[in-house]
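Both complexes below contain subunit A, partnered by subunit B and then by subunit C.
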Partner chain A sequence: MDHDYQKDISGCGLTGLISRKRQRKSGGDIVKSLCLMNDRGNGLGAGYAAYGIYPEFKDFYAFHIMYDDPSVRWTAEEYLRNNYHIEKIEEIPTFPVKAIPISPLLVRYFMRPLKDKMVGDVQEEDFVVNSVMKVNSEIEGAYIFSSGKNMGAFKGVGNPCDIAEFFRIEEYEGYIWTAHTRFPTNTPGWWGGAHPFTLLDWSIVHNGEISSYGINKRYLEMYGYRLTLLTDTEVAAYLLDLLIRRHGLDIPTACAALAAPFWKKIDAMDPEEREALTALRLTYGSALLNGPFSILFGHSKGLVGINDRIKLRPLVAASKDDMVYMASEESAIRAICPSPEKVWAPRAGDPVIVELED
Partner chain B sequence: MFKSLAPPEYLATIDREKCIRCKRCIHNCGWGVYSWGGDRIQINTSKCVKCLRCYHYCPEEAIEIQDNPTRFKQNAYWGFHQIRNIKRQAETGGIPLTGMGSDLPYTILFDNLLIDACQVTNPSIDPLREPMELRTYLGKKPSSVAVEKDKSGRLRLKGKMPPQIKLEAPIIFSPMSFGSISLNAQKVLAIAARECGIVMNTGEGGLHEDLYPYKDNIIVQVASGRFGVNPDYLNAGVAVEIKIGQGAKPGIGGHLPGEKIPLEVARARMIPVGTDALSPAPQHDIYSIEDLRQLIYAIKEATDYKPVSVKIAAVHNVAAIASGIVRAGADIVYLDGFRGGTGAAPSIIRDHLGIPIEYAIAAVDDRLRQEGIRNEASIIAAGGIRSSADAAKAIALGADSVAIGTAALITMGCTTCGKCYTGNCSWGITTQRPELTVRLDPEVYAERLINLIHAWVHELKEILGALGINAVESLRGNRERLRGVGLDTQTLDILGVKPAGR
Partner chain C sequence: MLEIDAKGAYYRDLNRQVREAVARGEKEIRLKNVNGQYYIGDGLRGASVITIEGVPGNDLAAFMDGPTLRVKGNAQDNIANTMNSGKVIIEGNAGDVLGYGMRGGKLHIRGSVGYRVGIHMKGMKKQAPTIIVGGCAGDFFGEYMAGGVLILLGLDDRDGAPLVGDYLGTGMHGGVIYVRGEVDKDICGAEVGVMDPDDEDRKVLMESLTEYCKDFGLELEEVMKKGFKKLVPVSSRPYGNLYAY
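Let's look at the complex of A and B:
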């Protein structure tokens, strides 16, 4: 457990949308929404996550991998070939953009784990998580952007519009989109440091600084997570993975652990509910996300927006027909949905949970 | 009469111009420094311990207590106390005793750690406007929890949580037995604990019947002498603590002299009046970790599974020992550091054995995390917590709560003179002499102790607010928010703390 790390901090703008009926929307809307909030970033990082973009490969884990140096690719691919059946490899299509003169090598893989490599009762998802941890922490210069099924993350150093153009975001169609523009204050641009952060089909965009980072990190390390990126957002992603996938909490309950109700509220509950919430706070005290944040997290079944316990960062939500929008600013929603049926500011700590229809 | 060649430590003086011969100093001094000489106060300064009782109670401010200016020839190697101790030992052949924690100038790590604060990128929080939570639960926590929803969608817990001690602040009172301190001093602790929503600890002295009404705020202790232990006692409090060791005297037992055992103390301890109460160095039914496990579970059986705490002195191998204690089934590990106080200990032991609490917290918290069992037990850190800042630093290093002893006694008048073992405490704290203990009015002094806890609670909330967090669990183990100043790389590595500037 190395303590002598340099943590990344940044401010930002975020936006997301979901079609509950799984209508696949082109990336054009999300780009327009994000670019409206250009002033919330400083050009040192932007990114997009989309769900439903790879229907033809929906049963394969889609790995988006960034290589600082092309030579690293072969090291990583050797590891992947030894552990996965690789259905398809291709470089992620990009478009030359003047503002982005240098970019890393970006490759995507559609894969499934080799059965004989999964020893004992290791679940397929644990196997994938371990691969992500291994590549990110042990293969210098290789970094996995995303690793979920039928989804992907596209991110890099640049303004939201330039990154969108570079990755040809408008050419993808997805039923959930999240996006992020970044205002880092202490780090040089690094493509891996941009949002979204993902693990399996979890993707997180995050505005804020998690002041409890130190203990969240040490708590996650106790469960085998290796925090290589040193950002708050990474912590949020892994906590969701731990609470929801590994400990089996549903999303509202996990949100009640990460942005726990105050004791005053818990004390006023009926005895049984109080017992449950007290147990949750006691068990997950080290997982409490404390400090200013608004977070959007996407997953294969929906989109969730959540604020810190006293709402120190903005989050606005709106809905129209089967669409739900969430963003740092209402203007970013109205840019793509001029007359929503409902607009509201979610209360501190109260998650907005939107689920896809089956 | 033989006059000791160990010079007096202090020089008590009276300004004869100011003195009105009211004799309050004679009345107040528990050590017999002053006596009436017919027309003036006489002073036997060799008995003075500089507890300042006389100074505070002299109506004319005529008394001054100085460090004795007459010293041995200055010597950077042979210090005053080294020479003085040798002379005392030459005269008595005994082991010089002392009270309180070590006062030697070892490095104080707390004073080399600084706490972070928010600026711009994350807002600080104003604790006067926003909720700020210090509530802490001590006890075993599960690694995950199962809940279900009832028909109306409200959460319900599946299964049961292990028993917990609920504290309104992460500060408790450390064990101080009836015998080592007076019943009135224990009452001060009990009243304050109840008022502040925290707990006191009986120490190894049994539980006086006057304290039974405070049982919801009491941890009862079982130590090597087994004084006062019976089924009612074990069930009297919210938890039971097994005392293995004490920071001020790791590896050695206790000795409460017969002079400090009047009827009331004897009854609480279940021993005859006037007999020496000897606590053996080890517990004679615990010679190994598996024996500890048996005692832990015997106590759990006897108490219908109340939380069991195990108190150990911070020694070199504390991390491995604590890990064993947790695996043996303890719900709480109480770590008592090198600076921890005592009612009586050989000074050679107090000043030279054990390690400071800061290292112990860091080492234990790290080890329990490495082994994936940090949730299995809470950590209480004690041994020289002087302020809310020390408490905050201890919690950031990994403690769930701190325990304070000396700081609590200071609110009762203690000036850390270190002569607790004599039984002459002029403030009525570490004495059983009725004319002295009566000075300590429990109601009056509880008010002061409550004030102290309230003040520290306010300060902790200010610290949390500056850190931009609003619950103490986000400070616990959050070493990212500490920085070391003037510490070497290896120390920083042990503490898991970055140097300032990084």
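Let's look at the complex of A and C:
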């Protein structure tokens, strides 16, 4: 598909949970939470991301790849074999679901880059990112939709319950889960366009529309990212990779770049803070996410929820014991945690940052 | 009294049961185990009293015209959209965009509320809506307000959160906002004037808050101990010249 495609709107429902003590939870809870918000989507996309699900392969990159056509598989695998040690290949286990009569071929690989292919000072993670970009933009009909370690995304066209049944989500156990039901408005409802969007261990689910998509896309392209999935949310995943992994920003700073305070607020800050925020906004003007959004992003060390700066999409958080929940609706949290200790609505632009305990 | 167990019920089935009960003349209805069902009380007429146990879904009491809804816990977004008459009482917190285009009736919330509460509220003479919030409110409180009364009390310990967010009354061109406490002019919309309430205002406050306090078992005297500020639009056509240059 043409990666210069420009349109970018979606609106949706999302939910996520994290056990700070790394207690692995079956996918049953996140499915129940998402399915309560079934009517926020329209059946044209749903998906799940989970961390801690592949402990037996935790040192390998887990690639989940969708192939439009089985013949594409051999082209992609030839590339992978030339560049990676492949520990294991298997089709992603699925269950036949009436509502999902057709699906791409779904295969997963546990791999690590071949040392002799990483020339110069290329880092392992850069090598993986380059592979994802290469396959997704150059091998027609092949899409790597998950590429992190000990985590995975599972997504497709269908309702949240059907997609969960199809991918047998309840059989996985993870300590962080995010999930999404999609209501695409003017971009295609296709398998690659469902959320979560992932790169390495970053995963994003998003409700809203990123009006700055064009600016963000051109900015990311300067750093070698290629945007192939026809949906605005893709930029958020790659921006996190760029800002946090490659530029070394911490999570609060990266969030302040993506959802920067208005100048009015910056002007009212103490001199030191004002100077820092001014520099951040000037440096990362093209990384600013404009438009309405609530986003959950998972990564290997935690879960973050963030809203746009004037709260044009809903986000509710709750906590109980070592668990933190975030969702588009409070009822989606109460469906799996009926009596939370604390329930709150995060303020616009203020990220909720939850970290795993070591 | 009719009890309906809403556990796991799809919103359409639940709302059909409620509508049928109201049509039969049921005066008192209790919905148990509600969680996330949308559109409860929407377009409902009559004088029934409906108690909701649990968290009702979005768009509660939209276009409602008469009944009283009492939510025993928190509620979500978009409550009382274009509501015409009746009353919604929420014992916990509520979300964003409450009372959108509300044109009559009362919305009483004991706890705090989110963003854009009272947006586009309107009123004409006796047909005027009232929203009273016991806790604090987010940004855009009373945005584009055209009529009616918004009262913000800040009764609880806010744990450092501001009483009200930024852009207070932005685009306001009618109605009145009363805030219990001081208001910083910097957070107000350009067209908003901040002043002290007069005798007429105190009458409105006493009347509205007497009913509010009764709903939640609060002491009116305690609530009235602290002073209020009154916010009204001070320019009738603040953007009249916007396209004139």
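Throughout what follows, the second predicted complex is superposed on the first by the 350 of 358 C-alpha atoms of A that agree within 3 Å, B and C clash if a C-alpha of one lies under 4 Å from a C-alpha of the other, contacts with A are read in each partner's own complex, and residues count from 1 in each chain.
Everything below uses one rule, namely that a contact is a pair of C-beta atoms (placed from the backbone, for glycine too) under 8 Å apart; a residue touches a chain by one contact, two chains touch by 3 or more.
Only a predicted model underlies this, so the values are computations on that prediction, with no experimental measurement involved.
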item	value
Contacts of A:Arg218 with subunit B and subunit C, given as first, second, both or neither	first
First (subunit B), second (subunit C), both or neither touched by A:Glu209	first
Of subunit B and subunit C, the chain that contacts the larger number of subunit A residues	B
First (subunit B), second (subunit C), both or neither touched by A:Lys134	neither
Which of subunit B and subunit C A:Ile310 touches, first, second, both or neither	both
Which of subunit B and subunit C A:Leu36 touches, first, second, both or neither	second
Which superposed partner A:Leu249 touches (first subunit B, second subunit C, both, neither)	first
Partner chain(s) touched by A:Leu280 [first = subunit B, second = subunit C, both, neither]	first
Touched partner set for A:Asn290, first subunit B, second subunit C, both or neither	first
Subunit B versus subunit C as contact partner of A:Ser331, first or second or both or neither	second
Intersection of subunit A interface sets (partners subunit B, subunit C)	264, 310
Residues on subunit A engaged by subunit B in the complex (per definition of touch)	1, 3-4, 6-7, 9-11, 185, 208-209, 211-215, 217-219, 221-223, 246-249, 253, 256, 260, 262-264, 269-270, 272-273, 275-286, 288, 290-292, 309-310, 312
Of all residues in subunit A, those that touch subunit C in their complex	36-37, 39, 264, 310-311, 314, 316, 329-332, 334-335, 343, 345, 347-348
Subunit C residues within the subunit A interface of the complex	11, 35-36, 38, 54-55, 57-58, 74, 76-77, 93, 95-96, 114-115, 138-140, 161, 165-166
Touching residues (chain side subunit B, partner subunit A) in the complex	118, 121-123, 125, 130-131, 133, 135, 137, 141-147, 150, 154-157, 161, 164, 366, 369-370, 372, 374-375, 467-471, 473-481, 492-493, 496-498, 502
